[in-house]
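By letter and in written order, the chains are A, B and C; residue numbering begins at 1 in each of them.
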Amino acid sequence: MNALLAIVRRDLLIALRRKSEVLTALFFFIIVVSLFPLGIGPDAKLLKKIAPGVIWVAALLSTMLSLNRLFATDHADGTLEQMTLSPTPLGLLVTGKIVAHWLTSGLPLVLLAPVLGIQFDLDLSALGVLAGALLLGTPLLSLIGAIGAALTLGVRGGGVLVSLLVLPLYVPALIFGAGAVEAHVSGLDPQGHLSLLAALLALAAFFAPWATTAALRVALE
Amino acid sequence: MHGFMLSVSGLSCVRGERRLFSDLSFELGAGEWLHVQGENGAGKTTLLRALVGLSAPAEGEIRWRGQPIRDLAEDYGRDMLYLGHYGAVKEELTPLENLRFSAELDGRTLDDAEAIAVLHRFGLKGREELPVRFLSAGQKRRVLLSRLATRQSPLWILDEPFTALDVKAVDMLSGMIGAHLAGGGMAILTSHQTMPLPGGRAIKL
Amino acid sequence: MNNRIINWFKFASPQSFYPLTGRMIPWFWALAAAFGAAGLWISFFVAPTDAVQGEGYRIIFIHVPASWMSMFIYVVMAGWAGLGLALNTRLSGMMAQALAPTGALMAFISLWTGAFWGKPMWGTWWVWDARLTSELILFFLYIGFIALQAAIDDPRRADKAGAILALVGVVNVPIIYFSVKWWNTLHQGASVSLMKSPSMAQTMLWGMLVMALAFWMYSIAVALMRVRAIILEREAYTEWVRDLPEVKE
């Protein structure tokens, strides 16, 4: 357990010293969200309707961008190798890295999204549901994304390849996450969507570190 | 003294389609060390990586304390310290932070005073609080080597440990390895240098 | 019983599998042709004209079997990949690699025939119903698998990485299908369902089953041909490959 916290602290410290990486992904999120009205037109009613989908897709893409940060530097400088050989189970260390990744790329989205939602004229309660859905969804994105990042470690065309592998797997999160907000806006109860999202998160929290660890060992052979 | 034993039998490794070496066997007991020699590309690093369990050999078995290392997983990690070609330090962190985090991953907490003492021993006085990327290659190497002092592992597997070190540091490291062996530890090294340590055997690939 | 177990592992080596497939392939092509002919005959001449959709509906005899095969092949591919991961056998990984393009092709055919069906019926080339959308995502999963294996140079690593991806995918396919279905029923705009025909005549079902068998035989034949090529490529440096008549020339 100590080791897990140590890894989280370590990665957070490194992220703090390389703020540009974290901030770039966040600005990407903001820019992408802003592109949609520019592409579609300023019709307020239409924008309000597409807002949940747009914000969620932007969140997916922003998470994708930040995935290469997860293992690539550790792989390049040899610290990943050392983690594989440490007395602490690799699965635990991987979980720690994913937690740190979420704290630096997912949690900011949860906090930022409601602010952007205001641009789309979503009301306060809808923004609350949006934040809640993202709170459940972004860890899910980090967990699934970690598998993709581990599989493509050191591989040619890694960045785009990760997107190809991971985006299809992100579809359920997108559907339930955006669906929750849309349901709420239509006057329905988002409970169903959010519960399914929570269930997926629980499933991924159990399986994803395991798959990621296997993929990392394959990558380090 | 404690009966720690590394035993390797019938080991062979391939890289791509080339068989690097086959039917390699040896045993290592307390106080013994192995010098792996060979030209560049002969397979020294591959052998070491197989010995630590990073890659599976094509054939053969590696046992630590009688059990295959594959089955030991983290327990083997506790008893073994591998320092390879990579710098294996985080450039954004200071030597102090690097050492303390490595210790925590190894399962022990190191307080500031202890860590600073170790770093001084490795000639990093005055550099403890500087992010590693500002250090010279030799200093970076010494940050990595400082783990030898904090990790209590009987088996050291070191790939070219003397790279980028000046004469003083080489002497210090040889002294450390000697003390480690005298205390019942074991070591496997690759190095182009001759090492004035007793109880050694050589393997040429 | 003992005999069969021994035989199984004998063919687990590329060296013995290669000549075995050589003998098997023509049979599978023959079966594919036979089933295909029967299936086409049923679909064109036996199945009745649909009251609502006229003659154009007959494309489901390609569309539905292709969909079934695309999902079936993915599971089989994941099975082979998982086997390779668990037993560390080279051949299993090669089989998975051989199946992927055929599976992708089935998904592709399913998508296009779905479009060709939709256009005369509902005036649009594409309709976001649950099954077509899931099929599209399955197609992306296939492409991802192929792309990952293509990007990794070391064949052993490519096998293992692909295996992990395929296993993650196979777990996700039901989840994705379920979520897309949920998404579709909630956004029930135009309730177009390509499979909602008031009565699925018995003959239509038979026609689809026979065509499915044809596709299955075809897939096996093509996958075996492909795995032979993969074996030759990967084992090129071994003696038995160099001694093969087709390699010697």
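Basically, a residue touches a chain if its C-beta (ideal position, glycine included) is under 8 Å from a C-beta of that chain, and two chains touch if they have at least 3 such contacts.
Keep in mind that what you see is a predicted model, and the values were worked out from it rather than measured.
Chain-level centrality, scored on Cα centres against the all-protein Cα centre, points to A. Among the other chains, B has the CA centre that is most remote from the centre of subunit A. One inter-chain figure worth recording: subunit B and subunit C are separated by 49 Å, centre to centre, where each centre is the mean of the chain's CA atoms. For the pair subunit A and subunit B, the distance between C-alpha centroids works out to 37 Å.
The mean-CA centres of subunit A and subunit C are about 32 angstrom from one another, to the nearest whole unit. Shared interface positions of subunit A, defined as residues touching 2 or more other chains, are 221. On the side of subunit C, the complex with subunit A involves touching residues 137, 140-141, 143-144, 147-148, 151-152, 156-157, 160-161, 164-165, 167-169, 171-172, 175-176, 178-180, 182-183, 186. Across the complex, subunit C is touched by residues 147, 151-152, 155-157, 161, 164-165, 167-169, 171-172, 175-176, 179, 183, 196, 200, 207, 211, 214-215, 218-219, 221 of subunit A. Across the complex, subunit B is touched by residues 2-3, 6-7, 9-10, 13-14, 17-18, 77-79, 81-89, 93, 220-221 of subunit A. By the touch criterion stated above, subunit B contacts subunit A in their complex at residues 52-56, 73-75, 77-78, 80, 82, 84-93, 97, 101-102, 104-107, 109, 131.
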